[in-house]
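Written out below as structure tokens is the structure these notes cover.
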Amino acid sequence: MRRYLPIIIVAIAIFLALPYLLPTYYLSLSTKILIFALFAMSLDLLIGYTGLASLGHAAFFGLGGYVVGLLVVRGQVSEWIAFPAGIILATALGALFAVLALRARGSYFLMITLALAQVVWGIAFGWRTLTGGDDGLPGVKRPTFFVSLADENSFYYFVLLMVGLSAWALFAIVRSPFGHALRGIRESETRMLALGYNVWLHQFAAFVISSAFAGLAGALFVYNTRFVSPDVLHVVRSAEVLIMVILGGVGTLLGPAIGAAVIILLEDFISSLTQRWLLILGIVYVVTTLFAPRGLVGLYKEHFSRNRKR
Amino acid sequence: MIWVIHTLNGVSFGILLFLLAAGLSLIYGLMKILNLTHGSYYLVGAYIGSTVIATTGSFILALIIAPLVVAVLGAVMERFFLRRFHLDELPQTLLTFGFLFIFADLSLWIWGGDPIMLPKPAMFSRSIDIGGLGYPTYRLLLIGVGLLVALILWWFQERTRVGAMLRAGVDDAEIARAMGIDVSLLFTLVFAVGALLAALGGVLGGPIIGAGPGTDFDVMLLAFVVVIIGGLGSLRGALVGGLVVGLLDNFGKIFFPEFALFTIFVPMAVILSFRPTGLFGRG
Amino acid sequence: MIALAVDNVTKSFGGVRALTGVTLSLNEGERLVLLGPNGAGKTTLFHSISGNIIASSGRISLFGEDITQLPPDARARLGLARTFQITNLFAQLTVLENILLAVCGAQQLTFKFVRPLSAYDDIQRCAQALLEEWNLADAGDQLVRNLSYGEQRQVEVVMALSGAPRILLLDEPTAGLSPAETLRVVEMVRKLPRNMTIVMIEHDMDVAFDVADRIAVMHQGRVIAEGDEAAIRGNKQVSDIYLGVE
């Protein structure tokens, strides 16, 4: 880590200076990138480190967002309660999903995570009286945590702080004994059991931690757009965050953050040209799988890194 | 008597789900590929079917052409893309996921965003009298066709050499070749048949549930629930699971219209708790 | 002190009887070698003892404690360690990382989220010491999947030893090894502390008679003979099986 200190300092400086370097539209985009970077890193913990490929991660992201949206708009609840509530409930959903999905492995696990997430989406979509269904809930006011975060600059710094702290936590977790245990589980569950590890409990913990950060990202997302709709829970969302992880590089944490930036920027660029975002997304999937399965970080390591040690 | 009607509705929907799940199971059973594009095959099948009917007026032609076209699509997907990642689960999943979006967007582009409903074939657009209430003969046709397909698949699985292989879930190319089977051709064929079944479902289901943007996701979800309950790789599981989900979905919509999804979610959760590989699954 | 007691254990898979009425007992520090042709049930017995399979009937106890229904990790925490017939290591991790995980597992150091693993000096020292003791220090930074088969088998054994287990199950540790590598493994086993109880599955007769205090021969899911080297060599049933098979 010492080696990277200069780069980290420069990066932090740039992040801090961004509001003074970019016009509002691009600052807003940067906020969005930070939020999705967190979302992607949370999924990487599950996929890259624990080896559990989930296709329904948007469920936690979306629930975090919906709880905030519902409490603020329908319940007129203070953000001091709504914001933590979003994270807590997303975590609870993560625990529930884990209990159900961890009964299975492989393809069953994939299907179950997808099915469970779709059910959550279906509820948000169908329960019009509560969620407004397809129309969504507009009017989610920006929070005031000691200062008003209504303007883009303040909100950006808030998001930067939240994402920065979360990223720090995730990097710490990944380097900790727990993080190493997760990698071992990814490689061989039976071997870990033979070494005395309670594999299920580790996987459960990974799920819960992952969903907590995803929920945080979702809450930030809804505050950012001031709006929540079922789109935040849709399979397409799960697909977007998944390709961010794959494109960036599974199991690297930094990779998915970069992947998030790439996909968000690509989407922004594409949407100004054409409506065919889904088609492009699908093509990115196919191309990445065929030509860069280890993602951008993997490509970098293969071609540019002097140090070949993992 | 109304309950007979409701039950028939549930059964006919369940048979439709069986067609979907059977294709999914077939592909998984042999190649261990979880085909996320399956819902897309349904959708594209329905769309192509509607185009055929619009141009020729013939339901029969739609029933023949649409599944064949989709079968070719499936064959191409398997041969040129999935083949490269034999037994590597994540890349296969990602590829089929990617194609799901490609097909979704292309369909939107070609056929537009308005949901469609296929017209029923002239011969089956009437209703027959069941205990004083009229019941559409088309739904009875659906049940009939579905059972026929089930029979064909069952015969194939139980009575042929290739079927024996599928039953054993053999994915060892060596053994298969030793039995004189061209493995790569078999893989492509099986994938194509799976796609064909999904598209057949699309055409048959067209007059009842229609098709539009989002149908591919809805159908994929239902197929997954069927297979989770019934078990991957099992024909019996696909039939039983299909009927269970069809009936539950139907009665769920009657009793809890806003929470219809719960009626399939709860049994799915229950099955997961007691038999994670489904009622007849091989795990 | 009886370290391991297997009491009338039976295991059926559907209609197939893999183990029938297997009864074995080991004192602390004893070395037992399991011989028998392929399909005799040796690995199935191992799986039943380690918990990868749950016995259909019978009782297994470890130092007096009933472990028959316990999952594998619970048994490991009681001091049971094993190697696998098919090398079961963390392929994408380095040798050092493999050993670190074994050491952490043995010390139950796992739900720690804050400090990096590299900061736990005692764990790091322990792992390094193990690598040096078993001549793997040079390979520490290599990915396991880049090692030769023989080296991997070695790491497999060292992993099992990392927790100073009370009972060690070795499943064909010399299978597929060259004569020189086989000798190294035998020396490893000889070096092990005398209070460690060891059960070993072997095909190589010489290794078996070299290492064992006692030998048990299995055939078609049963133990058909048990005793020291002389008793086994003189057993007619045993030679029938081996002559018949080979």
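Note that the chains take the letters A, B and C in the order they are written out, and that residue 1 is the start of every chain.
Assume contacts are C-beta pairs under 8 Å (C-beta built on N, C-alpha and C of every residue); 3 or more make two chains touch, one makes a residue touch a chain.
Owing to the predicted nature of the structure, the values given are computational and were not obtained by experimental measurement.
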Problem set entry | Chains touching both chain B and chain C, listed by label | A
For this session: Name the chain whose C-alpha centroid is farthest from the C-alpha centroid of chain C.
Result: B
Exercise. Taking every chain's C-alpha mean, which one sits closest to the mean of all protein C-alpha atoms?
Worked result: A
Exercise. Roughly how many whole angstrom separate the Cα centroids of chain B and chain C?
Worked result: 47
For this session: Calculate how many whole Å lie between the centre of chain A and the centre of chain C, each centre taken as the average of the chain's C-alpha atoms.
Result: 42
Exercise. What whole-Å value do you get for the distance between chain A and chain B if each is reduced to the mean of its CA atoms?
Worked result: 32
Problem set entry | Touching residues on chain A, where the partner in the complex is chain C | 172-173, 175-181, 183-184, 187-188, 190-199, 202, 205, 309-310
Problem set entry | chain B contact footprint on chain A (complex, rising order) | 53, 55, 100-101, 103-104, 106-108, 110-112, 114-116, 118-119, 122-123, 126-129, 235-236, 239, 242-243, 246, 276-279, 281-286, 288-290, 293
Seminar exercise, completed: Residue set of chain C touching chain A in the complex reads 50-52, 71-73, 76-77, 81-82, 84, 88-94, 97, 100-102, 104-106, 108-118, 120, 123, 141, 143, 159-160, 162-163
Seminar exercise, completed: Listed in rising order, the residues of chain B that touch chain A in the complex are 28, 32, 34, 81, 84-85, 89-91, 93-95, 97-106, 108-109, 217, 220-221, 224-225, 227-228, 232, 258-262, 264-265, 268-269, 272-273, 276-278, 281, 283
